[in-house]
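One chain, chain A, appears in both complexes that follow, with chain B as partner in the first and chain C in the second.
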Partner chain A sequence: MKPRLKLLWLQGVTCNGNTHSFLNYPHLSYILETFEFLYHPLLPSTYTLEEISTCAHECDILVFEGAYDPRMERVGTSLERVVHHYGNHARYIIAAGSCASFGGMFKHSDPEHITGLGFDEKEPKGPFVKNSKLINLSGCPIHPEWMGYTLRMIADNKPISIDELHRPKELYSYLAHHGCTRNEYFEWKVDSDHFGTKEGCLFYKQGCRGPMTHASCNKILWNDVSSKTRAGSPCFGCTEPDFPRTNMFETKTNMSIPQDVPVGISKRSYLTMAGIAKSFHIPRLEKRLIDDNT
Partner chain B sequence: MKSVPEKTANTKKEDRKTSIMQTALKLFSTEGFYTTTMPAIAQKLGMSVGNFYNYFSSKDQLAKELMLYISTVLGDKLREINMTDVSVKEKITMIVHMYFSIARERPELIEYFLRVFLSNREIFTKECTGMVCVSGFVTELMLFFDDGVQRGELKNQDFFSALGLFMGYLGGMVFLNGEEVLPHPLSEYETAIAENIYNALRKQ
Partner chain C sequence: MITRKWIERIEGEASVQFTFEHNKVSFATIAFPHFRGMEAILHARPAMDALVITPRVCGICGHSHLFAAVRAIESVYANSGFPLEISPKAEALRELTLSLELIQNHFKWLYLVIYPELSHLVQCPIADSFRLKGAYAASLATKVLAIFAGQWPHSSYMIPGGVTCDPTYVDTVRAMGLLDELIRWFEKELTGISLEEYLHLSSTKALSRLSGDMGDLDKMLRAANMHKQGFSYDRYCVLGEHGFSKPSKNINKRTTKVNAKQVTLENPYTVDEKTYAKNALYQNNPFETGPLARAIINGIPLIKHLHRSFRDSTYSRIMARSYEIALLLNHCKILLQSIRLDEPSFIEPHKKITSLSGEGVGIVEAPRGPLMHKVTLNKGIIDHYALITPTQWNLASGSPQTPGPAQKAMIGADSIEIATFTFRAFDVCSVCTTH
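Moving on, here comes the complex of A and B:
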């Protein structure tokens, strides 16, 4: 029988959101059979955190959750030492979530010292800068399927192609916009005035970052069921290095013109297309999708 | 017989189309849209009416294409200004100058917009609704306003409030000039108007 790969799940400055999100992975039993968890904050593990912090062991895969603060201690040992020890010996280092990838939410408490493992937002900084072993799985929290995909690729010894921010291309080449059920509203520029409704596009008023966010949330659905935009909430762009932004429920506009437009499209092209599309009234798109009162 | 290369034939047709539009613009803006007939435009150009319809299948189609043409001409000029690396205040001065220069040198462009497009909406409701025929120009204005706010020079407000103030003002002055109401030439108003617009739109 093939020896199980040793996986260590360490935490930095974190809310535990990624740990909890990963528990929703539908094939968790496969992961538990395939990997030996040296340590995980919630799952049965071979060692305690105290034993791990002695740096007396080695792992094949280091999963790191949370922002990286070198001054932080884990059971009396500096996080810097623990992370370097396990990261240097591991075959893969996985940054689980946006804090571990780019600094994320917790970076804002001390922007000078707190970073991700290889990036400070989009600038290279942290303990594993330009390290080819580093795989960033950004997201707040991480999509369980994305972690599952990455671990299964590693278990099957298959190459994982990554983008310039070290994110797997298979997962992050798409935009959150792709597969959004509101795309027809986006095409014809029909806004949504409220959260939680089935109708309307959330890009114009509600702050949706779907067309600017590299994520496959609307391709690989959450819990196999839904996504933020499908449920009526805007995409917050949580997989991008600039997350979290301020006023996330508002679209930043300059004289009613969106400050940011879909990625890779010039503002001139976008406004030309949008202005023309908005000129037409499509009664079907202005009505409720399901209206039992008519 | 030697055949004419396709590109040359197409270019010739485009050139002819442009000259038809320029003649039509002058007639529509001076004689009025309804009193100017298609045969009258053809006659002015020395064309047969049948040949004329090879270029424009109806008067409504011609009307729409004229508006697209004007929007493109103005949009191209405005785009040049947008691409210039100067302050927003200077850009406003340049836009006012550009608009009044066109009103002076090619008055039919502005006159058509004011006296045909805005005054005979029934002609344009079908195919020229909303931004469809004016997007070339309006898009550039959007980019101008967006840039002004991003630079911190202009107040962030509703687009149409700013658009109305800017273009309504310029259009009104050209209209008054056309009515020969203004005591001075348009060019003499440029500085004061640019300053008024800037003061009205700037961030306080």
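Moving on, here comes the complex of A and C:
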């Protein structure tokens, strides 16, 4: 049997949501067979956090959850010291979630000091700036399958190609929009009048960031079953460096035109296409999808 | 002699300082060293943003925060003379997904915290794979939850006026299939008898005869003498109103009404140590909250019977919480069957949220007890937001004259190991406590 890779899971300024999201991963027994957890907040581990904090060990993979605050202490030891020690020795550093990737939600606790591991929103900042070992798995929280993919690729010695924000391309080249069950409403510019319907697109009024957000949420479903947009909630863009934005349930518009348009499409092209699509009235898309339930 | 101990393998971390006299814990203080300032993050944001931000208070009970936030905003509507109409369908879905969050939390606490620690205490090691049972059962529960809420953790599908989802019977049938699977798993692994039979048990003797993990739990807890220690105030408080809980307090076996306005906060008591958690009190007194409180107040026969013999021991606390899994599974089944999909998911408020001003309070029962969100809005913008979490009740760090429930429960323990197990029986969550 191959020796197990040593994995250390540390936490900074966090809600523990990435830990709990990863516990939904359906193949945890594979994970425990393949990786030795030096420490994990809940899974069986070799050491206690106090033992880890002595910096007497080394790991192959450092997983870090939560935003990074160099002044923080965990179990009475400087987080900065512990993160540097293990990060410098590790072969891979995985930022689990948007806080660890970009600062995320908890950057707002203290925007001046708190960052991600290699980024402060989009700007390079933090303990592992421009470090080729850093893999950002942004998302609030992390998607369990995305973490599972990354760990298995590492275990199998397969290369993980990353984008300019250090996110694996195979996971983050898609947009949250891809695979959304409301796509046809987007194509023909049929808005959702209000929340609570399976019909209509949430992009025009309800603040949906799906077409601007790099995430495979509608390809690799959440908890194997659904996604925000499938459940009628707008995508809040939680994998992007600017999460959390403000006024997240409303689309920002200028003269009733959405301020932001889909990634990589010029506003002019978008407006031309949208104007034409909107000029058609398509009765099938304007009524309920299944009429006997209404 | 004072000994300081870091408590790990909880949600976050806590520091407990034990005072020993005659080889027994005579006092203990509890400190939570991390603080994120959630209330400040919410300040000056549009009200609806609370539905995205407050679930991020806690990775394990974020859905409870979402529900409390929605109730708080709806209470501002009601207090301003515009009570919102919520369809029975939306009410049922909210309660269903909340119950599922409680279930996943209870499973994880049982298999990832209680069993490993208890097996260590009674020197009966368990396999790593045994602990994964908790994650498996929890993931089945969150799968059902996500069918309606889109995802777990960190869904924002409850909104003032209802819910965002519009399920079809394809969704509810799928949810029932998964819930049935979870119930069958529970019967096979935990009880060895059917859920229905288990829910009809009324005597503690029957518990030790169970063949599954619940039988082992009963035997191990007794072997560790947990039925003879961990006693606290035997005083309980429930503030959230649901199908599975009614707001009441119980003192000296008498259940009476509560008024959430009587909830107050006090500064914590620690020695030479910084903590960010304020103590929550009812009429200036500590109360125990959570599954044991809910069961006592609801008069659940088995738990009442157990309580007669073992009062509020650690054994009672742990058994009450494990038993609540069964109560909630049954509750979910009834809720799922009751949902009528021809009702609206969402009824648009008549008043725009951007013109809404005033105060509101939202209270729900989270896994560990009552969770309160208080909000003041000025034309739809958050002027003030305050959170009072269940762990601020149970894990309050009071003075030697009025220790909090967990502090009191630890007094008299023979060792730090016993005391920390007693502490963990309350299910420690540092992220909620300090927020």
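One rule holds in what follows: the second predicted complex is superposed on the first by the 291 of 294 C-alpha atoms of A that agree within 3 Å, B and C clash if a C-alpha of one lies under 4 Å from a C-alpha of the other, contacts with A are read in each partner's own complex, and residues count from 1 in each chain.
Just so we're on the same page, contacts are C-beta pairs under 8 Å (C-beta built on N, C-alpha and C of every residue); 3 or more make two chains touch, one makes a residue touch a chain.
A quick note: this is a predicted structure, and the numbers were derived from the prediction, not measured.
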Check: Here chain A is shared; do chain B and chain C fit on it together or clash?
Finding: fit
Checklist line | Inter-chain angle, chain B to chain C through the CA centre of chain A, in degrees rounded to a multiple of 10 | finding: 120
Next item on the list: Give one of first, second, both or neither to describe whether A:E50 is in contact with chain B, with chain C, with both, or with none.
Entry: second
Notebook entry, point to check: With both structures placed on chain A, which of the two partners, chain B or chain C, ends up touching more residues of chain A?
Noted result: C
Notebook entry, point to check: Is A:C140 contacted by the first partner chain B, the second partner chain C, both or neither?
Noted result: second
Margin query: In the overlaid three-chain picture, which partner chain does A:V75 touch, first (chain B) or second (chain C), both, or neither?
Written below: second
Next item on the list: Report, in whole Å, the shortest distance between any C-alpha atom of chain B and any C-alpha atom of chain C after the two complexes are superposed.
Entry: 15
Notebook entry, point to check: What part of chain A is shared between its chain B contacts and its chain C contacts?
Noted result: none
Item checked: chain C-facing residues of chain A, complex -> 11, 13-21, 23-26, 28-29, 32, 41-44, 48-50, 72-76, 105-106, 108-110, 140-141, 194-198, 217, 222-233, 236, 238, 244, 246-250, 290, 293-294
Next item on the list: Quick one: which bits of chain B touch chain A in the complex? Just the residue numbers, please.
Entry: 129-132, 135-136, 138-140, 142-143, 145-146, 148-150, 154, 156-160, 162
Check: What residues of chain C sit close enough to touch chain A in their complex?
Finding: 6, 8-9, 11-13, 15, 33-34, 36-37, 40-41, 45-46, 48-49, 51-53, 56-60, 62, 90, 108, 112-113, 116, 128-129, 131-132, 135-136, 138-139, 142-143, 145-157, 159, 161-166, 168, 174, 341-342, 344-346, 348, 431
Notebook entry, point to check: Quick one: in the complex, what on chain A touches chain B?
Noted result: 253-257, 259, 267-268, 271-272, 275-276, 278-280
